[in-house]
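The chains carry the letters A, B, C, D, E and F, assigned in the order they are written, with residues numbered from 1 in each.
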Amino acid sequence: MYSKEITDLLRKNISLLSDKDSSKYPYIPQQDSQLPRLNSLRRIIELVKAIVFPGYFGDGSYCSNMQEYFIGVRVEELYGLLCEEIGFGLQSFAKDEVPDVRHQSEVIAMKFIDALPEVKRVACTDVKAVYDGDPAARTYEEVIFCYPAIIALLHYRIAHLLLVLGVPVIPRIITELAHSRTGIDIHPGAQIGEYFSIDHGTGVVIGETCIIGNHVRLYQGVTLGSKSFKFDENGNPLNIPRHPILEDNVTVYSNSSILGRITIGHDSVIGGNIWQTQSLPPYSQVQQGRAVSMILTDGAGI
Amino acid sequence: MYSKEITDLLRKNISLLSDKDSSKYPYIPQQDSQLPRLNSLRRIIELVKAIVFPGYFGDGSYCSNMQEYFIGVRVEELYGLLCEEIGFGLQSFAKDEVPDVRHQSEVIAMKFIDALPEVKRVACTDVKAVYDGDPAARTYEEVIFCYPAIIALLHYRIAHLLLVLGVPVIPRIITELAHSRTGIDIHPGAQIGEYFSIDHGTGVVIGETCIIGNHVRLYQGVTLGSKSFKFDENGNPLNIPRHPILEDNVTVYSNSSILGRITIGHDSVIGGNIWQTQSLPPYSQVQQGRAVSMILTDGAGI
Amino acid sequence: MYSKEITDLLRKNISLLSDKDSSKYPYIPQQDSQLPRLNSLRRIIELVKAIVFPGYFGDGSYCSNMQEYFIGVRVEELYGLLCEEIGFGLQSFAKDEVPDVRHQSEVIAMKFIDALPEVKRVACTDVKAVYDGDPAARTYEEVIFCYPAIIALLHYRIAHLLLVLGVPVIPRIITELAHSRTGIDIHPGAQIGEYFSIDHGTGVVIGETCIIGNHVRLYQGVTLGSKSFKFDENGNPLNIPRHPILEDNVTVYSNSSILGRITIGHDSVIGGNIWQTQSLPPYSQVQQGRAVSMILTDGAGI
Amino acid sequence: MYSKEITDLLRKNISLLSDKDSSKYPYIPQQDSQLPRLNSLRRIIELVKAIVFPGYFGDGSYCSNMQEYFIGVRVEELYGLLCEEIGFGLQSFAKDEVPDVRHQSEVIAMKFIDALPEVKRVACTDVKAVYDGDPAARTYEEVIFCYPAIIALLHYRIAHLLLVLGVPVIPRIITELAHSRTGIDIHPGAQIGEYFSIDHGTGVVIGETCIIGNHVRLYQGVTLGSKSFKFDENGNPLNIPRHPILEDNVTVYSNSSILGRITIGHDSVIGGNIWQTQSLPPYSQVQQGRAVSMILTDGAGI
Amino acid sequence: MYSKEITDLLRKNISLLSDKDSSKYPYIPQQDSQLPRLNSLRRIIELVKAIVFPGYFGDGSYCSNMQEYFIGVRVEELYGLLCEEIGFGLQSFAKDEVPDVRHQSEVIAMKFIDALPEVKRVACTDVKAVYDGDPAARTYEEVIFCYPAIIALLHYRIAHLLLVLGVPVIPRIITELAHSRTGIDIHPGAQIGEYFSIDHGTGVVIGETCIIGNHVRLYQGVTLGSKSFKFDENGNPLNIPRHPILEDNVTVYSNSSILGRITIGHDSVIGGNIWQTQSLPPYSQVQQGRAVSMILTDGAGI
Amino acid sequence: MYSKEITDLLRKNISLLSDKDSSKYPYIPQQDSQLPRLNSLRRIIELVKAIVFPGYFGDGSYCSNMQEYFIGVRVEELYGLLCEEIGFGLQSFAKDEVPDVRHQSEVIAMKFIDALPEVKRVACTDVKAVYDGDPAARTYEEVIFCYPAIIALLHYRIAHLLLVLGVPVIPRIITELAHSRTGIDIHPGAQIGEYFSIDHGTGVVIGETCIIGNHVRLYQGVTLGSKSFKFDENGNPLNIPRHPILEDNVTVYSNSSILGRITIGHDSVIGGNIWQTQSLPPYSQVQQGRAVSMILTDGAGI
């Protein structure tokens, strides 16, 4: 049993921390509705991974000769979870009140299920692209099973699909789960084509209004960001197209930044460590002009 | 049952690996005291998150009308866990032996609880700052619920408070937990003001002796580091002020490095990819001078 | 019970997703063999950590006076798990069919156990190197217990050992587990000497064919990468030596990239943010030549 | 991958087992509504135990000086869980369709919460009765913490309350959970007074229409059962009062059976191993008339 | 760290307890082969329950319109687990060495799967019998979902099937799992017909060589046991038919014992608390002859 | 968010249930000290099971050639857990305040460890006795692995040892864990010799002051109980010798009760369903004198 001195102090602070006077803690809105649940969203991701790459992901036994059962139970579970979590998302975060949340959630969940074969088809192209771009990759199996880019891209493709279907906040949570795990931060609003690949990946940032064509390849530390914001009359930053467009067959090497609503023409190559803020025509090749370093062979300290 | 050949080999290596002769494994001290436990430290973080942002974090049911119960049990559990883990930290890692570890731990835990309302108040300002800085953020709720910067900053603020209260090692573990999850590496010794925000965040490093004012904003890949070390007579690096001071209202864009004990004056803006090793007066604006790249439109290989 | 409309849609998509026609989903091979299991690989890592640093890692009670029991059960469990997982790896991913997988797995597992004392000895040197390089580190204990570099390096040293012993894919998974946790991406094929250290670490990439001497130290964001690929007659990138060699006593500061099969001579120092694509003689010191930035004190917007 | 022979056999039986033709499996109704969930019912029991006996049950820290927080969060969680599970029970098992399940569930849950102080008061009397009846019991604390009768009676009192409030099936599940754990099988429909106690308890059966007064005590193996059933015109057994009435201060020793709608008058004692099918007046004492055994001292085999 | 005194004592006893000299601990054979794993056997039972009663048991979502997927994955998982555990059973406990354990296990597992529809059909009849015999049962759903007899009988029917298929020890473990949970102890070797029911059940014992017809009903505490053993020349008890035969339509009320290789003719009723050691013709009715008790109305103490 | 009506009702009852006025809930003492923890006690039992029967119990890998490691870590963990839980027991339940709980706990734990080889030796004899008494038992391995009596007896032997060493309450909890699992209720105070066996076991009760010799065998439903209590001047039942003494080689068949401080002479056999309240000389044989049942062959209803 704690002493009276301790329990008095605990009680005093419990009271202070439970104070609902919004002037005390002004930017923390009271939160009473059921938020989407992280564990369910994680399960949703696990289910899609198992459905798209059966045998590679998904706990439990798997035999390809009987895969319709394996996929069947997962599609059914996925549908049920989507209905619930989309519902929580719509209730907590939709800008305007949704008249029939339950029905709306079911409609969105059905559209999501209906798009899964296409998600799988595109995921195939990402596997191909990652494999083709890495001399260290020996087989497609290895790429699917080990490469973080595959995970990050699947998270993104799920999140983007949900965003397009009108689900608030959940897409962002899904890409943040991948960000936390892989260091690759793709905004779900970005539009990304087929055969997309990222190598190593840590530090990659792809902004909300990016448009990326097919057969694009990025390396670690690449930022596709905005150069500056425009503000509205209230001083709030405006959410307008502000990130670059990369056309087909563009490659960007490590640690380069491409900033602002510029267009990198198709079949261009951006070398490493480049700071690019202007559009480029097709077939451009950019590399650091010269060594911006000084060699001191006399051994003097830096 | 393994064969004799196998068990002989296992036994031989068990014996070699159990050798306590310190010349064999010289830099691994025998560790017999109870170290702080990772699971308890994780629980401490979870409790503070739920106490500071009730309804957003914390498993179990939540109704804002009854939040003093929700907060009450968590504050009580938090106090108990802090006493234990601070005790383990003091026993294992305090420089000088602590005369009454149990009492000292309770005193520190009480001070920590007493500081929680202030931690919550400052966390509010971080929410506001993250929201204001991101055109993609729609509501405060979304910022609290989804943004990794909020997590990283709360870890830092808890860790810094414990460090100031004299707890060894645990602060570092707490910021490393956030580092692992978000890619944001803030040393608990850094001093950071209110309304602090970080966008994307992967690769951010904030060194031990940094001093950061209010309304400062950083982007991914920013290093606030030391330029070089000074060494003592034994060749050990000296732990002296060696990281930059950022005054109020400073913004640093992605992948820039600010190094050494320099001062960036208030209301300055450091563009992306800058290597800054000298102090700057207030209202400075620094950006890359010119395109240090060469465009090769002839399609020649890099 | 779902309506017929819903179950029809679910069934239709289950059927489409279960389609084994390889032209539909061309780059996803049917996967029927038992892949190595992530949970077992994670357990293997945990066991090695507890064996190498007993008292720091490993759940369960620990008393250094009785550590042969602590180590004994873990070595035995490790041996058993290695036999299983190496077997799954050889079956699923070996280039040529392995005639007696079970025996081959046991032989490799025994060699792995036999190499553990040497792994422990080298891990000691990494502890020493991390400690010596960080003014913020107070004791060896703290370094072992808190520093992510120690974890990343131990993952690498385990993975490299397995790779040398001929185990496919598992080494890559083990280093990816560390990559996900620490942001440090070391290919298991790299060759790294003793007393190696990394500070902060997020964004570090060390390529497959790197050769790194003793007493080398890297900072966050350093890439030891390839400059370009060579392709074979089929357009596949060739897996040949393409990453740098760093001789003894080289230090590379944050966010620098060293690219291609070049050699950085011993006792060299590469400053931060350098883009290095040419070999350097011993005792070289490279730093950014001059401020490539423009200071605008007039407050004009970027 | 399983062979075609195996997968054919699996498929054939999957098909047979999925056959929904009700003539094949006639007494297994298709079950599509959400049944009450065992884990939630177990949690409900755990919550009531912690609320009624705080400090004895309930994970998490407990300090009696702060027990309103401990009890507060549990009452809130309990209310929420009750609403859900009562709803599932009404939907799946109510005889007539319930017009507004959600509202009805909330009304019942509120009545349940409102009855908890009375449940606690009666539970006190059971503790007293168990303590008074067992020479081996040293303190009330020990009785609450260790004695299975306390658990079985609390399950019963919760279940009986829910039954009275009109909840179907869940009461039976709750008493079966106690039956499985303690071997004491009390039907939730039984009416049991205060200061009730059971010693050892394995094999005790108390039937649906029993009426038991105050200060009644039973020993292991006692059956309060029905002697025979009456049947309706369809041959179904009639659910009418068919179990005994035990008035106040009755004691029944081990392995006795009291059967049929008879009344055992107050302050009676039924010895062990008795077969009682007729009413008894108050203050009766029944014991086995004489040794119905034969002693063979000559050592002949049985 | 424990003191030397403590570690010496621990080491001494570890050594004594690890002594493999069989004269020290004579009846504990060294056990090195992999025994069947309890968790897997529990999972096998869970799978069969979900397959036989889909919607009543089995975690995860369930929709009867899609039940072939639900059943399909469980049959596949069941087959795999059976192969493994039957293999462990054959290796550890088969009387004679099994030449090809792996193949033999697969053959048995296939036969088990092939018998599942019949197991389900018979389980239906048990549901009907339990329902018909209990006035308190309102629906078949309730019987399946709540009644311990259903669980105990399904365990028995699985165990008996495995025993008939030649699996050692595992059948006994499966019925012991039900014994522990329900207090009903049915030996897997017993032969039990259709429409079998048990009410309450605690203390029921059904011996190895019992033969029970159809439509038999038992109450709590009934023993169908052996009266005495016959011994072989070594003094070991002989395993010969020694338990009773109950023909069709026999009912045995609570706490009665029927002992020895006797036959209770069809359509007989054995009342409660009967000690029956001789055969009875069909249509017999046995009840306690007269009250073997003495009523003391004078209140004298027992 | 719950309505004000609901939260008012919840608050009202939280307040009533948190009332510490002891006249409201008189027999529930405030409980503030740390009670022994069930999970730790369960772990203690698991450890002893694995130490006494290595290879049969204990998760994790096991190879008899290396069993000193297997046993070593478990003995060490056991010692640590015992110190903790014995301490909690002494603090919460010792009749007189213990002057140095920590030291006292360590002394008891050391004595417990020192007695383990003897516990193992006696457990061997129980295995032998169970095997010899059951015609269905094929091997010692099967007996150790499957028979509930082995578990119940090991719980008892651990609990009795702790009781003898002066540990309060914990012994009772340990035997109740076995009671719940097996239906066998042995008071830890009973004194039981070697080669003890129980068959089936559900409903067995062995009272606190029983004294049982070697080679004694019981069947299901046997009670070794007290016949009546003596009371002290306050009306509390006196805890004096009140249960029977069974000398060596006594067998008691199913459902018999032996009551009071009587002595059953060595080599006696008590048949089933006997009610024995008087001492018997050695070599006695008791069986039911004659059929106390009435056969009604005319088919009249009971």
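Assume a residue touches a chain if its C-beta (ideal position, glycine included) is under 8 Å from a C-beta of that chain, and two chains touch if they have at least 3 such contacts.
Worth saying up front: this structure is predicted, and the values here are computed from it rather than measured.
Chains touching both subunit B and subunit E: A, C, D, F. Interface residue usage between subunit D and subunit E, two copies of one sequence, is largely distinct: under half of the residue numbers at the contact are used by both copies. Mean C-alpha positions place subunit A and subunit C at a centre distance of 23 Å.
Chain geometry summary: the mean Cα position of subunit B and that of subunit F are 52 Å apart. Residue positions of subunit D touching 2 or more other chains: 1-2, 10, 14, 32, 63-64, 66, 68-69, 72, 76, 183, 202-203, 221, 255, 273, 288, 292, 301-302.
Of all residues in subunit B, only 1-2, 4, 7, 10-11, 14, 63-66, 69 touch subunit F in the complex they form. Taken in their complex, subunit F has these residues touching subunit C: 60-61, 63, 66, 68-70, 72-73, 76-77, 80. Note for the complex: subunit D touches subunit E at residues 2, 6, 9-10, 13-18, 20, 24-32, 35, 92-93, 95, 168-169, 172-173, 176, 179-180, 183, 185, 187, 189, 202-203, 205, 208, 221, 223, 225, 229, 236-240, 242, 253, 255, 257, 259, 269, 271, 273-276, 278, 280-281, 283-290, 292, 301-302.
Subunit E makes touch with subunit D in their complex at residues 51-56, 62-64, 67-68, 71-72, 75-76, 79, 106, 110, 113-114, 116-117, 120-121, 123-125, 127-128, 131-136, 138-142, 144-148, 181-183, 200, 202-203, 219-221, 227-228, 254-255, 272-273, 288, 291-302.
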